[in-house]
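In order of appearance the chains are A, B, C, D and E, and numbering begins at 1 in each one.
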Amino acid sequence: MMSSTNNIGLEEILSSLNQLFEGVSTEKVDPRQYKIITPPEKTIPVLEFLKEKGYSHLSILTCIDWIAEKKFELVYILFNWGTGVTFVVSTYVNRDNPIFYTVKHIWPTAEYYERDVHEFFGVKFEGNENCEKPLILELWNDLPPLRKDFDPLEYSKKHYPDREYQKDAIHEARIIRGDVRGEIDG
Amino acid sequence: MAVAARVAGVLLTAFFFGLTFEGIGRKVTARIQKRYGPPWYQNFIDVLKTLTKHGWTHGWIFDFGVVMALGGVIATLTFVPLGNFVAFPGLDNFFVIVYLFTVGALGMAMGMVGTGNPWASIGVARALTLMLGYEVPYLIVITSLLYNFKTSNISTIVEIQSVNGWNIFRFPIGALVAFICLQGMLGKEPFEAPIAPAEIASGPMVELSAKYMGLLMLMNTFMEFVEISIFVDLFLGGGNYFEFLLKYLTVWIFAIMISAVLPRFRIEQAVYFYWTVPLLLAFIQVFLVVAGM
Amino acid sequence: MSNRGNVKIDERTVWEKIADQLRSRSMWMLHYCTGCGAVELPPSMTSRFDLERFGIGPMATPRQADIFLITGYLSVKTLRRVIYTYEKMPDPKYVIGFGSCTINGGIYYDSYATINRLDYYIPVDLYIAGCMPRPEAIFEAFTKLMEMIRKGEANGWKRYKENYEWYKQNQLRSLGEVIIHDEFHE
Amino acid sequence: MQNILLVAIIGSVAGYLLSLFYRRLGPIILLLISLYAFAMLWEIPSNTAENFLGYDVLYLTTLGKYFALLSLIVFSAYAIFNIVWIETLKTPHAFNALSILTLAGTLGVFFTTNLVVLYIFWELTVFASLFIVPMSKSEAKRAAVWYVTITAIGSFAFLFATFLLYSKFYTFDLVEISRNLSQLPKPTIWLVVCSMLTAGIAKSGVFPLHVWLRNVHGKAPDTFSAVLSGQLVKMGSYLIALLLSIFPVTTLFPHFYGGVNILSYILIWLGNVSILVGTLMAIKQNDMKMLIAFSTVANSGYILIGLALLDQVGFAGGLFHVFNHAIAATMIFLSFAAVVYRTGTTKIDELGGLIHRMPVTFITYLVGIISLAGIPPTSGFISKWMIFQSLVSRGMFVTEIFVFVGSIGSFLYVFRPLAGVFLGQLKSKYKDVREVPIIMQIPMILLVLVTVFFGVFPGQVLEFIVGAQKEFGIDAFQYEGTKLITSMGYWDTWIVFVMFAVGFLIAAVLYLITPKGKKIPLEDQYTSGEFLHNFDLYHYASRFYAFLEREYGDHPSLENLYASLVNALKSLGKGIDYLVSRTASAYVFWLGVILLLLWKGW
Amino acid sequence: MITLLIAVPLALAFATIPLRKLARLILPVVVLANLVILFALKPHVGKIIELGSWPAVYGITLFFDEVAFYFLSFVNMMFLVISLITRDERFSIPLLVMNAALNGLILTADFFNSFVFLEIIAITSYIISTDKDNALGSFKYLIFGGVASIFYLIGAVFMYVQGGTLNMAYSSYIIGMSNPELMKTALVLFAITLLVELKVLPFGLWVPDVYGNGSALTPVVLGSVVSTATVYLFSRLSLTFVDEHLPPVFYYTVLASIVLSQLGALYQKNLGRTLAFASMASMSTVVASLLTRQESVVSTALFYLFTDALAKFVLFTVYGNLGVANFRNAKTTGIAFTFSSLSLVGVPIFAGFWGKYYLLKALFEQENYVLAIVVLVSTLIELAYVTKWNIEQWFAKKETTKGEIENIDLPFVQKLFVLLSALILLVIGLFPQLLLDKTNLLAEKLFDFQLYRDIFFGKGGM
């Protein structure tokens, strides 16, 4: 149900975004979805601004590990139930010492997203006192698992003993599929 | 010694025919669900298998409860007349049987809650509430019967029926109410809330490991045998031992068929149902008995 | 059932033999679906395949169950509950591993959370290969298991009891501790 | 008889003085008195007349003897239990003295058929028991006031009827009065009989006047509530039994339905409603003593129905139920006293799993509820069976509904403390609770033996009941040895017990031949796969029958009605107080009003 | 000789004005003297004494018979006890005056003389009621009493004008013959004044404020002593001299007063006012039974009066000195308080029970069911609040700031007398015959006007 009036509302929000907060770049992904990249210190005001504009639903707060640029990208996805438009607000945080501010006071549910992000990426959120507590993984003592520099296979080999096969069935499967050249001795 | 032989006879019939009819019941349910179902002797195997396993006990009250349950139901069984085959001719008073029956129920309830598992307590609380539900219309209808024949001795009623026809025709409403309450007593599908496997992990039976499960399955069979044989004695009249078993089978199959197709009542719905429809019918029956015959 | 040399000497008493005959004909499954294979069970139980012909039916509590079906991948957290429940089952108990995930970790071989070899932690009597075996394969497994029970070969539970220490060590090695003390189970 | 009463009264004073030195002497004296009284009473043949301090008023009927012996059993159990329990009390000497005085009062009531003497002993018991009630809990004060006022309503009505009869016949002797009661005009007979019965109804806690029972039994000192509900309530039933049997009720009042006259029909209906109220309210209670208090209301209803039937089987059933309920209620309350002695709380959901620490208390409670619920091997079933037989033979189906709801409902509410307090998970707070000392266990075990013995060989109790029936001209209940015979059918308690034993044996054999189960601790439970460390939460006891309670949640409560009645009276008093504190001119104004009235009303 | 009973206390009252401290000691001595004189004159009962040897019709005469003797002995006994236990000296002199007036009231056979004594009693009771700064209460009592006593005077004047003489016996005899209607109006006027003192509700509105102010002295003096004397006068006037019923309005107001005062007591939060209402209720019960004009009922009423006065004495003394006491550490006082309150309610082995028992028995014999039911209902309400207060005091947990329960108790003298009267109640409870014969005698004497007149006409001079 996309009534035309919504567009004008949308345009007006985007334009006021640019005036109020400089250094904010918006990009249209599709008629119902916009990506906003904000500098770290501007993120919280932008989020509050958008919340007043009707984007009250924080559907997810996740983190993307750009290991190349040594950055963590914190992504806040807001959804407006009135107009059906989604705003993806993201900001970049330094990867080596990832600290950011909590949005718990805006959305109470964010507390658990932040605990999840901390557990799997190691990003600390000031203001959320129990963001260090474990949420999903039980007794995890290694690097946060979803970071790119963590090697799950090596962890799996180390912790969960594997079955010793006389022959390497996967190698044989590759040969059958023709990726690799070699003989299968029956 | 004749008494001992008769008692043994009653117990063995109950054991053998109880389990066979349950096997047949499972086959009938399977057939309704368009599948073959287990062999008729499957229940024997189940019971004996559980008796061979090494289970756990939760203390002396758990053992005492299970043994008291089985003992109580066996004691009730000895007093129930099977057609004209009675262990104690004069002594099968209806109230004695109904209340001796509760010894078994109380023993089981006490043993199960003795395990300390809250599932069991919830199951037992539901079973007792359901009992409050079906027991009142059942007793009203049966007492109207007793009032009509001026005796509360089941075997005398059986003889009267062999003389002037089955009660099911003279008291059709009474029979209907008794059958609905029978469905509740057996704990069959529409009134299976107390032992609901999905909701409360099979209710009281949650902590029953190996042989205790076997003993209680035996007890369940004997309970069903007592309940249905009372119904058959009171409503389907006399005739010798084999006719009795035949009538028993028909009533059993009929109950199984109903339970195979119906979903499960919530416990307060069941009590609410029992205290409206059957109670009303029971009252009509009573009115007929007092006014009519 | 010890196999000195390769001659298998049947040590069971007469009662044991009869008991095994009974146990094979009336097996009760534990209604605890651990992985994606569980969806195979309903069709095998209902009218087309009808497991009940063999006297096999679902039971709500481990206390009454004989067979424990591990249907698919086992994450670390589920493994802790599986071990806890396995120890709750009365003694002659059998375990069937469904699918390749229980054999060698399957497609999750390199995950940091799933285990690669089931019989390292609990004794498994029978594996069914396939990435979720169809009901026919399940029937094949059940009949094989009934065969093994009658011949007295399905004594995983004896092995568990005899080298309990070994199993416990394996479990602690990869799980840290079986019974968890944390915020959610205080 | 006279010396029994004198010994008891002097004993109470001695009890007070001796327990000043050593508090345990009081219960010992009570025990000695009740044993002495039991022995003496056993020899005295029934309907012997004696004089008491010069007035020949004491007259022992078999009914009175039966009730007296029963109350002596209850008091001796209470006394033995008290020997150790008395330590928990702050004012033991007054407690001892007053409980002996209560015994004296009750025995006095049972020994006389002279109305004024009966009233005197009745008031003596009420006031002696009154001062004991608030001795343990502070909020029992209000309950005590309620107790006295409602009992006083009954006893003042009784006094009114006594004087009315005296003014007509110039005698207080019940037997003589009953002989020429029929001369009175119809309405006076109704007035006299009903007001006399109100005393019995008020004291035995039947429907309209049952409001005080919950608070008094719930909050009285633990062992005393055993006497309260086991024995003092029976005084009310005694009065009803005495009046119904002595007054020629069947001839005086017109026949109404099912061979029962109009007065008994009303009484039966009172019994019905009190069974219903007692059962439904008992199911709701979370305090175990209040729960059993409501079961007392229900059972008093049973007794009333039994007595009101006034026929061969029903009357015997009512009297036998008096015996059963007295013993069962005492056992249950003593076991609760033991539980509270160790744990200190009566709330069901705060307790749990006490069987593992207090097995003897559990067995007492178990046999107590088996007898209370009326399940065969115990004596409880015999009396319920008789009442059922009599009701069925008369075809009174509406009453049967209430009776069946009552008997099945009794399974429900007796099971709630069983599951909540004794079975289930043992709370960590009560991990180190020990069994009660031996002296407390003796009375409990004795009562268990009594219940089971009389369940199998009811001969001795039936002998008293038959004697009472013969005495009042009701055709006696037939029984041979252990076979109980009624018009509707008969059964044999001994054979039922043997068959129960045989069944138990078979089950035991099956249990033994199969492989032995390994004992596992209480914490090893199926928790549907979850790890649980705090097992206190893993106990289902609070709002045990939530689904059933929701059905009749918003029921009208009689207690609030009575409380609002009292408040209305108080507001009237407030009006007077307002008038009083006005100025002097207002007084003179009032004087003027009176003068005006005088002038007009001349 | 009997006039000494009036003269001695009066004389000494004024004699001791200068030496105030002594008054405290003289009071008991005087009352003791009265008692001694009284008992000395016991054998000469049934005499009239003309003051100044004027013949009966003209002069003031005192009439001393058994009824007067018992009432006098009871009043003086109570006075002796009060004088011994009271501890504030301020009221010794008014008490002496009151004693004289009381003796005079009971002895006199002359209308105007009784009015004078009534006034003196009223005035002294106003003074006594100002104890414990209860100014407003006593002021209201003063106004109400004053206005009401005028009616007594008008009544007396009627009797004098019609009867020609102020002597009760003569004037009532003459008026009785000539114009009984007037007699009735006179009696009504007398009744209005006396009912004020007898605390029947519409007239007794002042009672709660005066009695309830917590002083030990006022309620006991007014409640037990003065009321008993007024009951004597009221019964003398309404039973002996007039032989018709008072108008039914009185009867119904008194009945209503019984129940309403009980309800008032039920409502009270403060023990003093509850006891005040209770005494109003019991006094109205006595008046109601007097109004029934049947001899058996009157005798039981007197029995009830005496036992009730004793019980009230105990209750008021205990309340006056201790307030809402904690009996846990004042055991004997507690027992005395409980004994007397239970006797008040009518629990079997106490005197109160026999009071109610005989009353009800007599009422039922006369088929007077209305009063019987009212008495039963009022006892029921009384039972409620008496038990409440008893339990409140036995099981009260009044910790002082330091946490331990303060243990104040009655001084020895008071405790002795309180216990003594409680035991008397118990003794009467066990052997009611003792008091019952006396009251039957009194009732029988009260009713025969004939004997009263013969003594006068026969001039059994002294």
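Assume a residue touches a chain if its C-beta (ideal position, glycine included) is under 8 Å from a C-beta of that chain, and two chains touch if they have at least 3 such contacts.
Keep in mind it's a predicted model, so treat the numbers as computed, not measured.
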### Task
Please find the path from subunit B to subunit E through touching chains that uses the fewest steps, and give that number.
2
#### Entry: Pair with more cross-chain C-beta pairs in contact, given B-C and C-D
B-C
#### Entry: Most distant chain from subunit D, judged by the mean position of its C-alpha atoms
A
### Query
How many Å are there between the centre of subunit A and the centre of subunit D, using C-alpha atoms for each centre?
72
### Task
Could you please state the distance in Å, as a whole number, between where the Cα atoms of subunit C are centred and where those of subunit D are centred?
59
### Query
If you average the CA atoms of subunit D and of subunit E, how far apart do the two points sit, in angstrom?
45
## Note on the structure
Taking each chain's centre as the mean of its CA atoms, subunit A sits from subunit E at a distance in Å of 97
### Task
List, in ascending order, every residue of subunit D touching at least 2 other chains.
524, 526
### Query
Residue numbers in subunit C touching 2 or more other chains?
61, 63, 80, 180
#### Entry: Of all residues in subunit A, the ones touching two or more other chains
none
### Task
State which pairs of chains touch, listing all of them.
A-C, B-C, B-D, C-D, D-E
### Message
Applying the document's contact rule, which stretches of subunit C touch subunit B when the two form their complex?
### Response
15, 19, 22-23, 25-26, 31, 46-48, 50, 52-55, 58-61, 63-64, 66, 90-92
### Query
Any idea which subunit B residues touch subunit C in the complex?
26, 30, 33-39, 42, 45-46, 48-50, 52-56, 197-198, 201-202, 205-210, 213
### Sites on subunit D touched by subunit B in the complex
353, 355-356, 362, 366, 370, 373-377, 381, 384-385, 388-389, 391-393, 395, 397, 400-401, 404-405, 408-409, 411-412, 415, 418-419, 423-426, 487-492, 495-496, 499-500, 502-508, 510-511, 514-515, 517-520, 522, 524-526, 528, 538-541, 544-545, 547-548, 550-551
### Task
Would you mind writing out the residues of subunit B in touch with subunit D in their complex?
7, 11, 51-59, 61, 63, 66-79, 88, 90-91, 93-96, 99-100, 102-103, 105-106, 109-110, 113-119, 121-122, 124-126, 128-129, 131-132, 135-136, 139-140, 143-144, 146-147, 150-153, 156, 201, 206-207, 209-212, 214-215, 218, 266-268, 271-272, 279, 283, 286, 290
### Summary
Listed in rising order, subunit E residues that touch subunit D in their complex are 139-140, 143-144, 147-148, 188, 192, 201-203, 205-209, 247-249, 253, 260-261, 263-268, 273, 277, 328, 342, 347-349, 353, 357, 360-361, 363-365, 367, 372-373, 376, 379-381, 383-384, 387-388, 391-392, 394-395, 397
